[in-house]
(Lines give C-alpha, C1' and ligand atoms only; values in the text may rest on other atoms or scores of the structure.)
Protein backbone atom coordinates (compact mmCIF):
# COMPACT_ATOMS: atom_id res chain seq x y z
CA UNK A 1 0.00 0.00 0.00
CA UNK A 2 1.24 3.49 -0.70
CA UNK A 3 1.68 5.71 2.32
CA UNK A 4 -1.25 8.04 2.75
CA UNK A 5 -1.55 11.13 4.89
CA UNK A 6 -4.30 11.38 7.49
CA UNK A 7 -5.68 14.80 8.33
CA UNK A 8 -8.16 15.32 11.16
CA UNK A 9 -10.83 17.98 11.14
CA UNK A 10 -12.08 18.67 14.65
CA UNK A 11 -15.00 20.84 15.68
CA UNK A 12 -18.41 20.76 17.29
CA UNK A 13 -21.30 18.49 16.42
CA UNK A 14 -23.38 21.62 15.98
CA UNK A 15 -22.31 24.68 14.00
CA UNK A 16 -23.72 27.64 12.09
CA UNK A 17 -23.87 27.79 8.29
CA UNK A 18 -20.74 29.89 7.92
CA UNK A 19 -18.71 27.41 9.96
CA UNK A 20 -20.18 24.51 7.99
CA UNK A 21 -19.10 26.25 4.76
CA UNK A 22 -15.54 26.57 6.09
CA UNK A 23 -15.50 22.92 7.19
CA UNK A 24 -16.81 21.79 3.83
CA UNK A 25 -14.13 23.77 1.97
CA UNK A 26 -11.43 22.38 4.25
CA UNK A 27 -12.72 18.85 3.70
CA UNK A 28 -12.67 19.36 -0.06
CA UNK A 29 -9.13 20.70 0.13
CA UNK A 30 -8.01 17.66 2.10
CA UNK A 31 -9.47 15.33 -0.51
CA UNK A 32 -7.92 17.34 -3.35
CA UNK A 33 -4.47 16.97 -1.84
CA UNK A 34 -4.97 13.19 -1.77
CA UNK A 35 -5.11 12.88 2.00
CA UNK A 36 -7.60 10.89 4.05
CA UNK A 37 -10.00 12.83 6.25
CA UNK A 38 -10.33 11.63 9.83
CA UNK A 39 -12.95 13.02 12.19
CA UNK A 40 -15.27 12.13 15.03
CA UNK A 41 -17.88 10.94 12.54
CA UNK A 42 -20.86 12.87 13.88
CA UNK A 43 -22.79 15.97 12.73
CA UNK A 44 -21.85 19.67 12.53
CA UNK A 45 -18.27 20.45 11.55
CA UNK A 46 -17.54 16.75 11.16
CA UNK A 47 -20.37 16.18 8.71
CA UNK A 48 -19.62 19.31 6.71
CA UNK A 49 -15.96 18.36 6.37
CA UNK A 50 -16.87 14.84 5.26
CA UNK A 51 -19.35 16.21 2.73
CA UNK A 52 -16.64 18.43 1.30
CA UNK A 53 -14.18 15.55 1.08
CA UNK A 54 -16.69 13.30 -0.67
CA UNK A 55 -17.56 16.08 -3.16
CA UNK A 56 -13.95 15.84 -4.33
CA UNK A 57 -13.88 12.05 -4.36
CA UNK A 58 -11.95 11.76 -1.11
CA UNK A 59 -12.00 9.11 1.60
CA UNK A 60 -13.45 9.75 5.07
CA UNK A 61 -13.01 7.92 8.36
CA UNK A 62 -15.25 8.65 11.35
CA UNK A 63 -14.08 7.52 14.77
CA UNK A 64 -17.33 7.30 16.70
CA UNK A 65 -17.88 7.58 20.45
CA UNK A 66 -20.52 4.86 20.50
CA UNK A 67 -21.13 1.33 19.36
CA UNK A 68 -23.65 1.92 16.58
CA UNK A 69 -22.49 2.56 13.04
CA UNK A 70 -25.69 4.45 12.31
CA UNK A 71 -24.46 7.32 14.48
CA UNK A 72 -22.06 8.23 11.67
CA UNK A 73 -23.00 11.03 9.33
CA UNK A 74 -23.77 9.83 5.83
CA UNK A 75 -20.54 11.12 4.33
CA UNK A 76 -18.40 8.81 6.45
CA UNK A 77 -16.94 5.99 4.33
CA UNK A 78 -15.52 4.01 7.21
CA UNK A 79 -17.21 4.43 10.58
CA UNK A 80 -15.02 3.07 13.37
CA UNK A 81 -16.89 2.09 16.53
CA UNK A 82 -15.13 2.63 19.85
CA UNK A 83 -17.63 2.67 22.71
CA UNK A 84 -15.13 5.00 24.39
CA UNK A 85 -17.39 8.03 24.70
CA UNK A 86 -15.39 11.24 24.71
CA UNK A 87 -12.16 9.30 25.25
CA UNK A 88 -12.38 8.68 21.51
CA UNK A 89 -11.37 12.33 21.05
CA UNK A 90 -7.87 11.12 21.81
CA UNK A 91 -8.09 8.58 18.98
CA UNK A 92 -9.25 11.14 16.42
CA UNK A 93 -6.07 13.10 17.06
CA UNK A 94 -3.87 10.01 17.39
CA UNK A 95 -4.89 8.94 13.89
CA UNK A 96 -3.97 12.28 12.34
CA UNK A 97 -0.70 13.53 10.92
CA UNK A 98 -2.06 17.06 10.90
CA UNK A 99 -5.03 18.47 12.84
CA UNK A 100 -7.32 21.29 11.71
CA UNK A 101 -9.62 22.79 14.37
CA UNK A 102 -12.68 24.70 13.24
CA UNK A 103 -14.84 26.47 15.83
CA UNK A 104 -15.80 23.96 18.53
CA UNK A 105 -16.53 23.68 22.22
CA UNK A 106 -15.10 21.66 25.12
CA UNK A 107 -14.81 18.47 23.10
CA UNK A 108 -12.74 20.31 20.53
CA UNK A 109 -10.65 21.80 23.33
CA UNK A 110 -9.78 18.31 24.56
CA UNK A 111 -8.71 17.41 21.03
CA UNK A 112 -6.60 20.56 20.76
CA UNK A 113 -4.94 19.63 24.06
CA UNK A 114 -4.18 16.11 22.84
CA UNK A 115 -2.84 17.44 19.51
CA UNK A 116 -0.47 19.76 21.38
CA UNK A 117 0.53 16.95 23.73
CA UNK A 118 1.27 14.65 20.79
CA UNK A 119 3.15 17.51 19.08
CA UNK A 120 1.08 17.29 15.90
CA UNK A 121 0.88 20.25 13.51
CA UNK A 122 -2.29 22.05 14.57
CA UNK A 123 -4.10 24.64 12.47
CA UNK A 124 -7.07 26.61 13.81
CA UNK A 125 -9.92 28.64 12.31
CA UNK A 126 -12.21 30.62 14.64
CA UNK A 127 -11.43 28.24 17.44
CA UNK A 128 -9.97 28.28 20.97
CA UNK A 129 -7.17 30.76 21.55
CA UNK A 130 -4.47 28.40 22.77
CA UNK A 131 -0.73 28.91 22.23
CA UNK A 132 0.65 26.42 19.72
CA UNK A 133 -2.26 26.65 17.30
CA UNK A 134 -1.31 28.06 13.88
CA UNK A 135 -4.20 30.47 13.40
CA UNK A 136 -5.62 31.03 9.95
CA UNK A 137 -8.53 33.16 8.74
CA UNK A 138 -10.27 30.90 6.27
CA UNK A 139 -10.45 27.50 4.61
CA UNK A 140 -8.10 28.47 1.81
CA UNK A 141 -5.37 29.50 4.21
CA UNK A 142 -5.94 26.35 6.28
CA UNK A 143 -5.42 24.20 3.22
CA UNK A 144 -2.29 26.16 2.27
CA UNK A 145 -0.82 25.82 5.76
CA UNK A 146 -1.64 22.13 5.71
CA UNK A 147 0.23 21.68 2.44
CA UNK A 148 3.14 23.57 3.96
CA UNK A 149 3.08 21.21 6.97
CA UNK A 150 3.19 18.22 4.64
CA UNK A 151 6.30 19.49 2.90
CA UNK A 152 7.93 19.82 6.31
CA UNK A 153 6.63 16.49 7.53
CA UNK B 1 -22.96 5.83 1.29
CA UNK B 2 -24.25 2.33 0.69
CA UNK B 3 -24.36 0.10 3.72
CA UNK B 4 -21.39 -2.24 3.82
CA UNK B 5 -20.85 -5.35 5.88
CA UNK B 6 -17.84 -5.60 8.18
CA UNK B 7 -16.38 -9.04 8.81
CA UNK B 8 -13.61 -9.56 11.35
CA UNK B 9 -10.95 -12.22 11.02
CA UNK B 10 -9.32 -12.94 14.37
CA UNK B 11 -6.31 -15.12 15.04
CA UNK B 12 -2.73 -15.05 16.28
CA UNK B 13 0.05 -12.77 15.10
CA UNK B 14 2.07 -15.91 14.41
CA UNK B 15 0.78 -18.94 12.54
CA UNK B 16 1.97 -21.88 10.46
CA UNK B 17 1.69 -22.01 6.67
CA UNK B 18 -1.44 -24.11 6.62
CA UNK B 19 -3.24 -21.64 8.90
CA UNK B 20 -2.00 -18.73 6.81
CA UNK B 21 -3.43 -20.44 3.71
CA UNK B 22 -6.82 -20.78 5.40
CA UNK B 23 -6.75 -17.14 6.54
CA UNK B 24 -5.80 -15.98 3.06
CA UNK B 25 -8.67 -17.94 1.51
CA UNK B 26 -11.10 -16.57 4.06
CA UNK B 27 -9.88 -13.03 3.41
CA UNK B 28 -10.33 -13.51 -0.32
CA UNK B 29 -13.83 -14.85 0.24
CA UNK B 30 -14.74 -11.83 2.35
CA UNK B 31 -13.58 -9.48 -0.38
CA UNK B 32 -15.41 -11.47 -3.05
CA UNK B 33 -18.69 -11.12 -1.19
CA UNK B 34 -18.17 -7.34 -1.13
CA UNK B 35 -17.64 -7.05 2.61
CA UNK B 36 -14.93 -5.07 4.39
CA UNK B 37 -12.30 -7.05 6.29
CA UNK B 38 -11.59 -5.87 9.83
CA UNK B 39 -8.72 -7.27 11.87
CA UNK B 40 -6.10 -6.40 14.45
CA UNK B 41 -3.79 -5.20 11.69
CA UNK B 42 -0.68 -7.14 12.68
CA UNK B 43 1.12 -10.22 11.30
CA UNK B 44 0.16 -13.91 11.17
CA UNK B 45 -3.50 -14.69 10.59
CA UNK B 46 -4.28 -10.99 10.31
CA UNK B 47 -1.73 -10.39 7.58
CA UNK B 48 -2.70 -13.52 5.64
CA UNK B 49 -6.38 -12.56 5.73
CA UNK B 50 -5.59 -9.03 4.54
CA UNK B 51 -3.39 -10.39 1.74
CA UNK B 52 -6.24 -12.59 0.60
CA UNK B 53 -8.71 -9.71 0.68
CA UNK B 54 -6.41 -7.45 -1.32
CA UNK B 55 -5.81 -10.20 -3.91
CA UNK B 56 -9.52 -9.96 -4.66
CA UNK B 57 -9.61 -6.16 -4.67
CA UNK B 58 -11.17 -5.90 -1.22
CA UNK B 59 -10.83 -3.28 1.49
CA UNK B 60 -9.01 -3.94 4.78
CA UNK B 61 -9.10 -2.14 8.11
CA UNK B 62 -6.52 -2.90 10.82
CA UNK B 63 -7.32 -1.80 14.36
CA UNK B 64 -3.88 -1.59 15.91
CA UNK B 65 -2.92 -1.90 19.58
CA UNK B 66 -0.27 0.82 19.36
CA UNK B 67 0.20 4.38 18.18
CA UNK B 68 2.39 3.80 15.14
CA UNK B 69 0.87 3.17 11.74
CA UNK B 70 3.97 1.29 10.65
CA UNK B 71 2.97 -1.59 12.91
CA UNK B 72 0.28 -2.48 10.40
CA UNK B 73 0.96 -5.27 7.94
CA UNK B 74 1.34 -4.03 4.38
CA UNK B 75 -2.04 -5.31 3.25
CA UNK B 76 -3.94 -3.02 5.59
CA UNK B 77 -5.61 -0.19 3.68
CA UNK B 78 -6.71 1.77 6.71
CA UNK B 79 -4.67 1.33 9.87
CA UNK B 80 -6.54 2.67 12.91
CA UNK B 81 -4.32 3.62 15.85
CA UNK B 82 -5.71 3.06 19.33
CA UNK B 83 -2.90 2.99 21.90
CA UNK B 84 -5.20 0.67 23.82
CA UNK B 85 -2.94 -2.38 23.85
CA UNK B 86 -4.92 -5.58 24.05
CA UNK B 87 -8.05 -3.65 24.97
CA UNK B 88 -8.25 -3.01 21.24
CA UNK B 89 -9.32 -6.66 20.87
CA UNK B 90 -12.71 -5.45 22.01
CA UNK B 91 -12.80 -2.88 19.20
CA UNK B 92 -11.93 -5.43 16.51
CA UNK B 93 -15.03 -7.39 17.48
CA UNK B 94 -17.17 -4.31 18.07
CA UNK B 95 -16.55 -3.22 14.49
CA UNK B 96 -17.62 -6.54 13.01
CA UNK B 97 -21.04 -7.77 11.96
CA UNK B 98 -19.69 -11.32 11.75
CA UNK B 99 -16.52 -12.73 13.34
CA UNK B 100 -14.36 -15.54 11.94
CA UNK B 101 -11.80 -17.06 14.34
CA UNK B 102 -8.87 -18.97 12.85
CA UNK B 103 -6.44 -20.75 15.17
CA UNK B 104 -5.18 -18.26 17.76
CA UNK B 105 -4.05 -18.01 21.37
CA UNK B 106 -5.15 -16.02 24.41
CA UNK B 107 -5.67 -12.81 22.45
CA UNK B 108 -8.01 -14.62 20.11
CA UNK B 109 -9.77 -16.15 23.11
CA UNK B 110 -10.50 -12.66 24.47
CA UNK B 111 -11.97 -11.73 21.08
CA UNK B 112 -14.08 -14.89 21.03
CA UNK B 113 -15.36 -13.98 24.49
CA UNK B 114 -16.26 -10.46 23.39
CA UNK B 115 -17.95 -11.77 20.22
CA UNK B 116 -20.11 -14.09 22.33
CA UNK B 117 -20.84 -11.30 24.80
CA UNK B 118 -21.91 -8.97 21.97
CA UNK B 119 -23.96 -11.84 20.47
CA UNK B 120 -22.25 -11.58 17.07
CA UNK B 121 -22.33 -14.52 14.65
CA UNK B 122 -19.05 -16.33 15.34
CA UNK B 123 -17.48 -18.90 13.03
CA UNK B 124 -14.38 -20.87 14.03
CA UNK B 125 -11.72 -22.89 12.20
CA UNK B 126 -9.19 -24.89 14.24
CA UNK B 127 -9.65 -22.53 17.13
CA UNK B 128 -10.70 -22.60 20.80
CA UNK B 129 -13.43 -25.09 21.66
CA UNK B 130 -15.97 -22.74 23.20
CA UNK B 131 -19.76 -23.24 23.07
CA UNK B 132 -21.39 -20.74 20.77
CA UNK B 133 -18.78 -20.94 18.03
CA UNK B 134 -20.09 -22.32 14.72
CA UNK B 135 -17.29 -24.73 13.91
CA UNK B 136 -16.26 -25.26 10.31
CA UNK B 137 -13.51 -27.40 8.76
CA UNK B 138 -12.02 -25.11 6.15
CA UNK B 139 -12.02 -21.68 4.51
CA UNK B 140 -14.66 -22.64 1.97
CA UNK B 141 -17.13 -23.70 4.63
CA UNK B 142 -16.33 -20.56 6.66
CA UNK B 143 -17.19 -18.38 3.70
CA UNK B 144 -20.39 -20.34 3.09
CA UNK B 145 -21.48 -20.03 6.71
CA UNK B 146 -20.67 -16.33 6.58
CA UNK B 147 -22.89 -15.86 3.54
CA UNK B 148 -25.60 -17.78 5.35
CA UNK B 149 -25.25 -15.44 8.36
CA UNK B 150 -25.59 -12.43 6.08
CA UNK B 151 -28.86 -13.69 4.66
CA UNK B 152 -30.12 -14.06 8.21
CA UNK B 153 -28.69 -10.74 9.34
CA UNK C 1 3.21 3.33 51.56
CA UNK C 2 3.80 -0.37 52.17
CA UNK C 3 3.49 -2.59 49.14
CA UNK C 4 0.11 -4.30 49.04
CA UNK C 5 -1.01 -7.23 46.97
CA UNK C 6 -4.02 -6.91 44.70
CA UNK C 7 -6.12 -10.00 44.05
CA UNK C 8 -8.94 -9.98 41.51
CA UNK C 9 -12.07 -12.07 41.86
CA UNK C 10 -13.80 -12.46 38.51
CA UNK C 11 -17.18 -14.02 37.83
CA UNK C 12 -20.66 -13.27 36.61
CA UNK C 13 -22.94 -10.47 37.77
CA UNK C 14 -25.53 -13.15 38.47
CA UNK C 15 -24.86 -16.38 40.34
CA UNK C 16 -26.61 -19.04 42.43
CA UNK C 17 -26.36 -19.19 46.23
CA UNK C 18 -23.68 -21.86 46.27
CA UNK C 19 -21.45 -19.81 43.99
CA UNK C 20 -22.10 -16.70 46.09
CA UNK C 21 -21.03 -18.65 49.19
CA UNK C 22 -17.78 -19.63 47.48
CA UNK C 23 -17.14 -16.05 46.34
CA UNK C 24 -17.84 -14.73 49.82
CA UNK C 25 -15.42 -17.21 51.38
CA UNK C 26 -12.75 -16.35 48.81
CA UNK C 27 -13.26 -12.64 49.46
CA UNK C 28 -12.91 -13.18 53.20
CA UNK C 29 -9.74 -15.19 52.64
CA UNK C 30 -8.26 -12.40 50.53
CA UNK C 31 -8.94 -9.87 53.25
CA UNK C 32 -7.52 -12.16 55.92
CA UNK C 33 -4.25 -12.45 54.06
CA UNK C 34 -4.02 -8.65 53.99
CA UNK C 35 -4.50 -8.28 50.26
CA UNK C 36 -6.76 -5.81 48.47
CA UNK C 37 -9.72 -7.24 46.57
CA UNK C 38 -10.20 -5.96 43.02
CA UNK C 39 -13.28 -6.78 40.99
CA UNK C 40 -15.68 -5.41 38.41
CA UNK C 41 -17.73 -3.78 41.17
CA UNK C 42 -21.15 -5.08 40.17
CA UNK C 43 -23.50 -7.76 41.57
CA UNK C 44 -23.29 -11.56 41.70
CA UNK C 45 -19.84 -13.04 42.29
CA UNK C 46 -18.36 -9.55 42.56
CA UNK C 47 -20.74 -8.46 45.29
CA UNK C 48 -20.41 -11.72 47.24
CA UNK C 49 -16.61 -11.49 47.15
CA UNK C 50 -16.69 -7.87 48.33
CA UNK C 51 -19.10 -8.77 51.13
CA UNK C 52 -16.74 -11.49 52.28
CA UNK C 53 -13.75 -9.15 52.19
CA UNK C 54 -15.58 -6.48 54.18
CA UNK C 55 -16.70 -9.04 56.78
CA UNK C 56 -13.01 -9.53 57.54
CA UNK C 57 -12.18 -5.83 57.52
CA UNK C 58 -10.60 -5.88 54.07
CA UNK C 59 -10.44 -3.25 51.35
CA UNK C 60 -12.35 -3.55 48.08
CA UNK C 61 -11.92 -1.80 44.75
CA UNK C 62 -14.58 -2.05 42.04
CA UNK C 63 -13.60 -1.13 38.49
CA UNK C 64 -16.92 -0.27 36.93
CA UNK C 65 -17.93 -0.39 33.25
CA UNK C 66 -19.99 2.78 33.49
CA UNK C 67 -19.77 6.37 34.64
CA UNK C 68 -22.04 6.24 37.68
CA UNK C 69 -20.65 5.34 41.09
CA UNK C 70 -24.06 4.10 42.19
CA UNK C 71 -23.65 1.07 39.93
CA UNK C 72 -21.17 -0.32 42.45
CA UNK C 73 -22.38 -2.91 44.92
CA UNK C 74 -22.51 -1.61 48.47
CA UNK C 75 -19.44 -3.53 49.60
CA UNK C 76 -17.14 -1.65 47.24
CA UNK C 77 -14.94 0.79 49.17
CA UNK C 78 -13.49 2.51 46.12
CA UNK C 79 -15.59 2.46 42.96
CA UNK C 80 -13.49 3.40 39.92
CA UNK C 81 -15.47 4.76 36.99
CA UNK C 82 -14.23 3.92 33.50
CA UNK C 83 -16.99 4.40 30.93
CA UNK C 84 -15.20 1.65 29.01
CA UNK C 85 -18.01 -0.89 28.99
CA UNK C 86 -16.68 -4.43 28.80
CA UNK C 87 -13.23 -3.14 27.89
CA UNK C 88 -12.92 -2.54 31.62
CA UNK C 89 -12.58 -6.32 32.00
CA UNK C 90 -9.02 -5.80 30.85
CA UNK C 91 -8.43 -3.29 33.65
CA UNK C 92 -9.77 -5.61 36.35
CA UNK C 93 -7.12 -8.15 35.39
CA UNK C 94 -4.42 -5.54 34.79
CA UNK C 95 -4.83 -4.33 38.37
CA UNK C 96 -4.41 -7.80 39.85
CA UNK C 97 -1.29 -9.68 40.91
CA UNK C 98 -3.31 -12.88 41.12
CA UNK C 99 -6.69 -13.66 39.54
CA UNK C 100 -9.35 -16.00 40.94
CA UNK C 101 -12.17 -16.98 38.56
CA UNK C 102 -15.42 -18.29 40.05
CA UNK C 103 -18.12 -19.57 37.72
CA UNK C 104 -18.89 -16.89 35.13
CA UNK C 105 -19.95 -16.43 31.53
CA UNK C 106 -18.49 -14.69 28.47
CA UNK C 107 -17.35 -11.64 30.42
CA UNK C 108 -15.41 -13.88 32.76
CA UNK C 109 -13.98 -15.72 29.76
CA UNK C 110 -12.59 -12.45 28.40
CA UNK C 111 -10.96 -11.81 31.79
CA UNK C 112 -9.51 -15.33 31.85
CA UNK C 113 -8.08 -14.69 28.38
CA UNK C 114 -6.51 -11.41 29.47
CA UNK C 115 -5.10 -13.01 32.64
CA UNK C 116 -3.44 -15.73 30.55
CA UNK C 117 -2.19 -13.14 28.08
CA UNK C 118 -0.68 -11.05 30.90
CA UNK C 119 0.75 -14.24 32.41
CA UNK C 120 -0.86 -13.66 35.80
CA UNK C 121 -1.34 -16.55 38.23
CA UNK C 122 -4.92 -17.70 37.55
CA UNK C 123 -6.95 -19.91 39.87
CA UNK C 124 -10.37 -21.24 38.88
CA UNK C 125 -13.38 -22.70 40.71
CA UNK C 126 -16.24 -24.17 38.67
CA UNK C 127 -15.33 -21.96 35.76
CA UNK C 128 -14.32 -22.23 32.10
CA UNK C 129 -12.13 -25.21 31.24
CA UNK C 130 -9.17 -23.41 29.70
CA UNK C 131 -5.55 -24.64 29.84
CA UNK C 132 -3.46 -22.49 32.16
CA UNK C 133 -6.08 -22.17 34.88
CA UNK C 134 -5.06 -23.77 38.18
CA UNK C 135 -8.28 -25.59 38.99
CA UNK C 136 -9.39 -25.90 42.61
CA UNK C 137 -12.50 -27.45 44.15
CA UNK C 138 -13.51 -24.92 46.77
CA UNK C 139 -12.83 -21.55 48.40
CA UNK C 140 -10.43 -22.99 50.95
CA UNK C 141 -8.24 -24.51 48.28
CA UNK C 142 -8.40 -21.29 46.23
CA UNK C 143 -7.13 -19.30 49.21
CA UNK C 144 -4.36 -21.85 49.82
CA UNK C 145 -3.23 -21.78 46.20
CA UNK C 146 -3.32 -17.98 46.30
CA UNK C 147 -1.05 -17.94 49.35
CA UNK C 148 1.24 -20.37 47.56
CA UNK C 149 1.33 -18.00 44.53
CA UNK C 150 2.26 -15.11 46.82
CA UNK C 151 5.23 -16.98 48.25
CA UNK C 152 6.39 -17.61 44.70
CA UNK C 153 5.64 -14.07 43.59
CA UNK D 1 -20.39 2.09 52.84
CA UNK D 2 -20.92 5.78 53.55
CA UNK D 3 -20.94 8.03 50.53
CA UNK D 4 -17.60 9.76 50.07
CA UNK D 5 -16.71 12.71 47.93
CA UNK D 6 -13.98 12.39 45.31
CA UNK D 7 -11.96 15.50 44.49
CA UNK D 8 -9.43 15.49 41.65
CA UNK D 9 -6.29 17.59 41.65
CA UNK D 10 -4.94 18.00 38.14
CA UNK D 11 -1.64 19.58 37.11
CA UNK D 12 1.68 18.82 35.49
CA UNK D 13 4.07 16.02 36.38
CA UNK D 14 6.72 18.71 36.81
CA UNK D 15 6.26 21.91 38.78
CA UNK D 16 8.23 24.55 40.68
CA UNK D 17 8.40 24.67 44.47
CA UNK D 18 5.75 27.35 44.84
CA UNK D 19 3.27 25.32 42.80
CA UNK D 20 4.15 22.20 44.79
CA UNK D 21 3.44 24.11 48.00
CA UNK D 22 0.01 25.12 46.68
CA UNK D 23 -0.75 21.55 45.59
CA UNK D 24 0.33 20.19 48.96
CA UNK D 25 -1.91 22.66 50.80
CA UNK D 26 -4.85 21.82 48.53
CA UNK D 27 -4.26 18.10 49.09
CA UNK D 28 -4.20 18.61 52.86
CA UNK D 29 -7.41 20.63 52.66
CA UNK D 30 -9.12 17.86 50.70
CA UNK D 31 -8.15 15.30 53.33
CA UNK D 32 -9.26 17.57 56.15
CA UNK D 33 -12.72 17.88 54.66
CA UNK D 34 -12.95 14.07 54.58
CA UNK D 35 -12.89 13.72 50.81
CA UNK D 36 -10.83 11.28 48.76
CA UNK D 37 -8.10 12.73 46.57
CA UNK D 38 -8.02 11.46 42.98
CA UNK D 39 -5.19 12.30 40.62
CA UNK D 40 -3.08 10.96 37.78
CA UNK D 41 -0.76 9.30 40.29
CA UNK D 42 2.54 10.63 38.94
CA UNK D 43 5.03 13.29 40.08
CA UNK D 44 4.84 17.10 40.26
CA UNK D 45 1.48 18.56 41.23
CA UNK D 46 0.03 15.07 41.64
CA UNK D 47 2.71 13.96 44.10
CA UNK D 48 2.59 17.20 46.08
CA UNK D 49 -1.20 16.99 46.42
CA UNK D 50 -0.99 13.35 47.54
CA UNK D 51 1.72 14.22 50.06
CA UNK D 52 -0.50 16.94 51.50
CA UNK D 53 -3.48 14.60 51.71
CA UNK D 54 -1.45 11.89 53.49
CA UNK D 55 -0.04 14.47 55.96
CA UNK D 56 -3.63 14.94 57.13
CA UNK D 57 -4.46 11.23 57.17
CA UNK D 58 -6.41 11.31 53.91
CA UNK D 59 -6.87 8.69 51.21
CA UNK D 60 -5.34 9.02 47.75
CA UNK D 61 -6.13 7.30 44.45
CA UNK D 62 -3.79 7.58 41.48
CA UNK D 63 -5.15 6.68 38.05
CA UNK D 64 -2.01 5.84 36.13
CA UNK D 65 -1.41 5.98 32.38
CA UNK D 66 0.65 2.81 32.34
CA UNK D 67 0.54 -0.78 33.49
CA UNK D 68 3.14 -0.68 36.27
CA UNK D 69 2.15 0.18 39.81
CA UNK D 70 5.65 1.43 40.54
CA UNK D 71 4.99 4.47 38.36
CA UNK D 72 2.81 5.83 41.15
CA UNK D 73 4.30 8.41 43.49
CA UNK D 74 4.82 7.08 46.98
CA UNK D 75 1.90 9.01 48.48
CA UNK D 76 -0.66 7.14 46.37
CA UNK D 77 -2.64 4.68 48.51
CA UNK D 78 -4.42 2.99 45.62
CA UNK D 79 -2.68 3.06 42.25
CA UNK D 80 -5.10 2.14 39.45
CA UNK D 81 -3.46 0.81 36.30
CA UNK D 82 -5.08 1.66 32.99
CA UNK D 83 -2.62 1.20 30.13
CA UNK D 84 -4.62 3.97 28.44
CA UNK D 85 -1.81 6.52 28.12
CA UNK D 86 -3.16 10.05 28.10
CA UNK D 87 -6.68 8.76 27.56
CA UNK D 88 -6.59 8.13 31.30
CA UNK D 89 -6.87 11.91 31.75
CA UNK D 90 -10.54 11.40 31.00
CA UNK D 91 -10.82 8.87 33.84
CA UNK D 92 -9.18 11.18 36.38
CA UNK D 93 -11.92 13.71 35.74
CA UNK D 94 -14.68 11.10 35.42
CA UNK D 95 -13.89 9.88 38.92
CA UNK D 96 -14.13 13.33 40.47
CA UNK D 97 -17.10 15.19 41.89
CA UNK D 98 -15.07 18.40 41.90
CA UNK D 99 -11.89 19.20 39.96
CA UNK D 100 -9.09 21.52 41.09
CA UNK D 101 -6.54 22.53 38.41
CA UNK D 102 -3.16 23.82 39.54
CA UNK D 103 -0.71 25.11 36.95
CA UNK D 104 -0.24 22.46 34.24
CA UNK D 105 0.40 22.04 30.54
CA UNK D 106 -1.39 20.32 27.66
CA UNK D 107 -2.30 17.25 29.70
CA UNK D 108 -3.97 19.46 32.26
CA UNK D 109 -5.73 21.34 29.46
CA UNK D 110 -7.26 18.07 28.24
CA UNK D 111 -8.50 17.40 31.77
CA UNK D 112 -9.94 20.91 32.02
CA UNK D 113 -11.75 20.31 28.72
CA UNK D 114 -13.19 17.02 29.97
CA UNK D 115 -14.23 18.59 33.28
CA UNK D 116 -16.12 21.32 31.41
CA UNK D 117 -17.64 18.75 29.07
CA UNK D 118 -18.82 16.65 32.02
CA UNK D 119 -20.10 19.83 33.71
CA UNK D 120 -18.10 19.21 36.90
CA UNK D 121 -17.34 22.09 39.28
CA UNK D 122 -13.87 23.24 38.22
CA UNK D 123 -11.59 25.42 40.31
CA UNK D 124 -8.28 26.77 38.96
CA UNK D 125 -5.11 28.22 40.45
CA UNK D 126 -2.47 29.70 38.12
CA UNK D 127 -3.70 27.51 35.33
CA UNK D 128 -5.11 27.83 31.80
CA UNK D 129 -7.40 30.80 31.20
CA UNK D 130 -10.50 29.02 29.99
CA UNK D 131 -14.09 30.24 30.54
CA UNK D 132 -15.91 28.07 33.05
CA UNK D 133 -13.02 27.75 35.47
CA UNK D 134 -13.66 29.31 38.87
CA UNK D 135 -10.36 31.12 39.35
CA UNK D 136 -8.86 31.41 42.81
CA UNK D 137 -5.57 32.93 44.00
CA UNK D 138 -4.31 30.38 46.48
CA UNK D 139 -4.80 27.02 48.14
CA UNK D 140 -6.90 28.44 50.94
CA UNK D 141 -9.38 29.97 48.55
CA UNK D 142 -9.44 26.77 46.48
CA UNK D 143 -10.38 24.76 49.55
CA UNK D 144 -13.05 27.30 50.50
CA UNK D 145 -14.57 27.26 47.02
CA UNK D 146 -14.48 23.46 47.08
CA UNK D 147 -16.40 23.40 50.36
CA UNK D 148 -18.87 25.82 48.83
CA UNK D 149 -19.31 23.49 45.83
CA UNK D 150 -19.97 20.59 48.18
CA UNK D 151 -22.77 22.44 49.92
CA UNK D 152 -24.32 23.06 46.53
CA UNK D 153 -23.69 19.53 45.33
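Just so it is clear, A, B, C and D label the chains in written order, and each chain counts residues from 1 on its own.
In this section, a residue touches a chain if its C-beta (ideal position, glycine included) is under 8 Å from a C-beta of that chain, and two chains touch if they have at least 3 such contacts.
All figures in this text were calculated on a predicted structure; none of them were measured in a lab.
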Are the two sides of the chain C and chain D contact the same residues or different ones, given that same means over half of the numbers occur on both copies? same
Relative to chain A, which chain has the most distant C-alpha mean position? C
In angstrom, rounded to a whole number, how far apart do the mean CA points of chain B and chain D lie? 41
Chain A to chain B, mean C-alpha position gap in Å, rounds to 28
Euclidean distance of C-alpha centroids - chain B vs chain C, Å: 31
Give the residues of chain B that touch two or more other chains, as numbers and ranges in rising order. 67, 83-85, 87, 90
Chain C residues touching chain D - in the complex, by the definition given at the top: 1, 36, 61, 63, 67, 74-78, 80-83, 90-91, 94-95
Chain A residues within the chain C interface of the complex: 67, 83-85, 87
Can you list the residues on chain C that touch chain B in the complex? 84-87, 90, 105-107, 109-110, 112-114, 116-117, 130, 132
